[in-house]
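Pasting the structures in now, so scroll down.
Consider the two complexes below, in which chain A is the common component and chain B and chain C are the respective partners.
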Partner chain A sequence: METDLLIIGGGPAGLNAAYEAASHGIETLVIEESFSMGGQLRQQTQVLDKLPKQFEKQRGTTLARTLIEKLSTLNVKVLLKHTMIGTYQDGRIGVSNGVKTIPITAKRIIVTTGAAEEASVFPGWTLPGVMTIGAAQILMNREYVQPGKNALVLGSNTFSLEIVKQFKEMGVTVRGIIESNSELISKHEKIIKSIKKDGIPLYLNSYIENATGVGEVQKVTLNHNGITEEMNIDLVCIGKGVAPILEPFEIMNCSFTYQIRLGGWVPQYSISMETSSPSAYIAGNAAGITSMGGILLTGQLAAVSVAESLGFLNEKLATEKRASLWKELHCIETTADLREVFNARMALIKDYHEEANLLPSSLFDLSLEEC
Partner chain B sequence: MTNQYDVVVIGSGVIGSSIAYHLSESKQKEILVIDKGFPLSGTSGSTQAWVWVHNKTPSWYGELSMYSAELYPFLERKIGDVEYKRTGGIAPFFNESDREKALRLAEKQAEVGIDIEVLNREQVLEKEPALSPTIAGATYSKIDGNVNPFRLVELYIKAAKRNGAEFSFYNPVIDIDKDNGNFTITTKEGVFYAKQLILAGGPWTKGLGELLGIDIPVKQVRGQIIVTEPLAPLIKHTIGGMRQADNGEILIGYSKEEVGYDRRTTLDVIQDTAKMAVDYLPDLARANIVRCFSGIRVMPHDGFPILGEIPEIDNAFIAVMHSGITLSPLVGTLMTELLTEGETSIDLKRLRFNRFNECNV
Partner chain C sequence: MDKSTIVCRCEEINIDEIESAIKMGAHTFDDIKRITRCGMGPCQAKICTTLVQRIISEYTDKPLSDIGPSRMRMPLKLTRIGVLAGNKESSSVISVFSESASKEGETKND
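Entry: the complex of A and B
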């Protein structure tokens, strides 16, 4: 199979990149390992604000539909339940549908594989009933299933606390939030206040010693400040945050750097969102954990650069477009409490430009400008 | 940490760690091991980890491997459970015409005490029923097995530390000088001095040699491996081409490519490897693959270990080889003898660095 542009991942970054690219007339193929497109938006029932200016405020689930519908009149082909599993020596990408491996020749690739939740390992962590906090969200919002009755949440980032709030609405009793640090990870005052008001126990300096049960989790032993306590629990949610999914970049031999604010190890990329592997671009949470606005904008940025490199957009127009997208990204990330993320991104790009002897970009001082 | 040591070992893979451990047993020497990464970031963390003997030729090389395999049970008693299993090894052949070769191998290896049986199809399938009925036969030996390389290297290091050896990780060696009989080893984290120096840098050893002004005749050979999901016990033996680990995963593959230090996996080789696996074990067609990895072998030009003194540089030693997992207990023992007594219980003549010069004359 041949295409101008192959996009790996049909989440918001991939879909928005596909829209931007195909609008310029680029033949685009999106592969998505799940049975439907939309990525994490599919269980995000909350209203998303701070989206890029062409999007109205809307629920995540609605945004997924919006993005998919926008592609319907364009030259975009989608392969669902297809996974990138490797590359051939000649650079073709191998995509598997579980039965066959299809080699795909693409002039350009944008990898938008997003992020995965981090696990936390303790004896009994593989018992049914132990899941990530994101899995509990999928059960509630997508499958309409109550994930359990008596829950413990391990980890106290903002996302975990939001789900704790939702547990309350769904009739799940949260018996405690367990945090190994001496303070909560989330700095979201409003949520913290309301959790405290609800009287949900917070166990700081604490960890789970083990989970036990026959066929499913039934009891959990908690250790807080050295004192152990056994609880009757049927749901343990691990909320340790997310980190970029890196396998495709490893397979393509991209170089990496460590930026804790972006989620740990991330591929290096330029101001055009191009990685160190020629013709391979990056966008979305794979390029650093950010908000939905950042996810959509980096998708668009990568697609603009692809359009330029394939000659669908001249250099002047592309440069202007990129500049305005970076400005918008700057505004969105700095006002959405993600100033550090934006700065980390700029530091990463600057380092990479220097290391790879790429032209410096006038955009580097963006962080000094006001929105 | 002082910065003067009796022995500095560069490289904390299975070879450097084993040498440090064996050397530390006598507690006679102040030892420092320096590694630019963590101990399994090199080849020892990306290996099949067979302790493989029976068809290593010529027979003196098989013999050496056998001595090393014999040391494993004792090693395990000293440093702890490294998941060493003497499973027995099966090397299948698919063509009746290969039987002649197999018989010759058995005869040759018998001369050095390696016991090999040449099996027909029925005998092989009786031992290993999951193997494909299309095989013609196999060579078989009880002496082969495999080990968990992660536990092995970790326990070498722990035991060496218990005996007082020191380790410095994430600390690349960037320069080596020799004056007044002492080595000056410049690293990212500082300068160390050593009376004796051992190069055990695996696939980076050529670069270490350059720091000493010597050309080490080794090349890098990539190998790609497939790992399956954990499966119910399917094979009992170590089979030429694959083994099943304690947790049920099957590790498959032995490809060879000279592509420099490039640790990518490619679908070309992975698909060939998968095909080979199914030819051997038809049941594997239904197994999911969870991971592929590649490792970089360091292959001396004639295929045999380079072990012992570095010519013209007093007190500098080298230990670089393929099959380091199999050979590590023996290499650690022999290097300890060499460094503490100046001679070894097994003649190292064939493995000496200067054999390459002799060839050129």
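Entry: the complex of A and C
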């Protein structure tokens, strides 16, 4: 199979990249390992604000449909239930649908594999009933299953707190939010206020000593400032954040760097979202954990750069477009309290430009006043 | 924490086994994997990589940025061997195994 552009991953970043690329006339192929497109948006029922300006404020599930519908009139081919399993020596991508392996020749590749949730170890964490907070969200919003009745949430990032809010609506009693640090990880004042108003106990400087039960989790021992407390619990949700999925990048020989603010190990990339592997680009959470706005904009940025490199956009137009997208990304990531993410992203790009002897970009000096 | 706590669910490797491997000189996830089989089960280290890296970091007092990502290999997902080599259409896919395929095998299939 041959295509101008292959996009690996049909989540928000991949879909937005496909739209941008195909609007310039680029023949685009999207492969998605799941049975439908939309990625994590498919279970995000919360209203997403701070989206890029071409999108209205909407629920995640609606946004997934919006993105898919936008592609319907364009030259975009989608292969569902297809997974990248490797590369050939000549650079072709090996894609499997479970029956056969298909080599795909693409002039350019955008990898938008997203991120995976991190686990946390404590005695009993392998018991049924202990899951990641994202798994609980999938159970509620996609499968319409109540994940448990009495829950403990381990970790206090904004995503965890959002799900805690939803637990209340779904009749799940949250018996506490456990945070090992001395303050909450989330800085989202509105959610924190509402959690406190609901009277959900916040255990700072705390950790789970163990979870026990026969066949499933039944009891959890909590250590709160050195004092232990036993609770009857049937659901423990681990919300320790997410890290970029790196396998495809490693197979394509991309170089990596460590940026804790971006989720740990991340592929290196330039201001054009190009990785160190020839003709491979990156976007979305794989390029550093961010908000939906950042996910969509990096997808668009990668596609603009692909359009330029394939001659569908001239250098001047592409540079202008990139500059305006970076400014928008800067504004979104700064106002959404992701300033540290944006700074880490810029530091990564700057380092990479220096290491790879790429031209420095004027975009490195984006200042706050421009928002 | 109880040293018998499982870290790699697929292969049932516990903290004690990982710490013993570190004592033997293991200092990356891949070292631990070679010694203990940690990360070699069906999930292919998707859950335990960062957990093990954190244990190494705590045990050796090194920052996580010094521990390095693990080596990821093809095929990236659980794949039936027949999908790679079974039918005629995909017989050229032997190079997916380029790391282990012999020179002769490659030319024969190219």
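The working rule: the second predicted complex is superposed on the first by the 368 of 371 C-alpha atoms of A that agree within 3 Å, B and C clash if a C-alpha of one lies under 4 Å from a C-alpha of the other, contacts with A are read in each partner's own complex, and residues count from 1 in each chain.
The definition used in the following text is that a residue touches a chain if its C-beta (ideal position, glycine included) is under 8 Å from a C-beta of that chain, and two chains touch if they have at least 3 such contacts.
This structure is a prediction, so every number in the text was calculated from the model and none was measured.
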Open item on the list: Based on the shared chain A superposition, would you classify chain B and chain C as clashing or fitting together?
Closed with: clash
- [ ] Answer with first, second, both or neither: which of chain B and chain C does A:126 touch in the superposed model?
- [x] second
- [ ] Please indicate which partner A:94 is in contact with in the superposed arrangement: first for chain B, second for chain C, both, or neither.
- [x] both
- [ ] Return first, second, both or neither, reflecting whether A:233 touches chain B, chain C, both chains, or no partner chain.
- [x] neither
Open item on the list: In the overlaid three-chain picture, which partner chain does A:67 touch, first (chain B) or second (chain C), both, or neither?
Closed with: neither
- [ ] Would you sort A:251 into first (chain B), second (chain C), both or neither based on which partner it touches?
- [x] both
Open item on the list: In this superposition, which partner touches a larger number of chain A residues, chain B or chain C?
Closed with: C
TODO: Please indicate which partner A:86 is in contact with in the superposed arrangement: first for chain B, second for chain C, both, or neither.
DONE: both
Task: Clash-bearing segment of chain B, relative to chain C, as chosen among 261-269, 297-305, 315-323 or 351-359 - done: 261-269
Task: Common interface residues of chain A - those touching chain B in one complex and chain C in the other - done: 85-89, 94, 101, 103, 251
Open item on the list: Under the definition above, what is the set of chain A residues touching chain C in their complex?
Closed with: 33, 83-89, 94, 96, 98-103, 116, 118-123, 125-126, 210, 243, 246-248, 250-251, 256, 258, 260, 264-265
TODO: Provide the residue numbers of chain C that touch chain A in the complex, in ascending order.
DONE: 1-2, 4-7, 9, 15, 46-48, 50-51, 64-65, 69, 71-77, 79-80, 83-84, 87, 89-90, 92-93, 95-96, 98
Task: Partner chain B, residues of chain A touching it in the complex - done: 85-89, 94, 101, 103, 251, 253
Open item on the list: Which stretch or stretches of chain B touch chain A in the complex?
Closed with: 262, 264-268, 270-271, 292
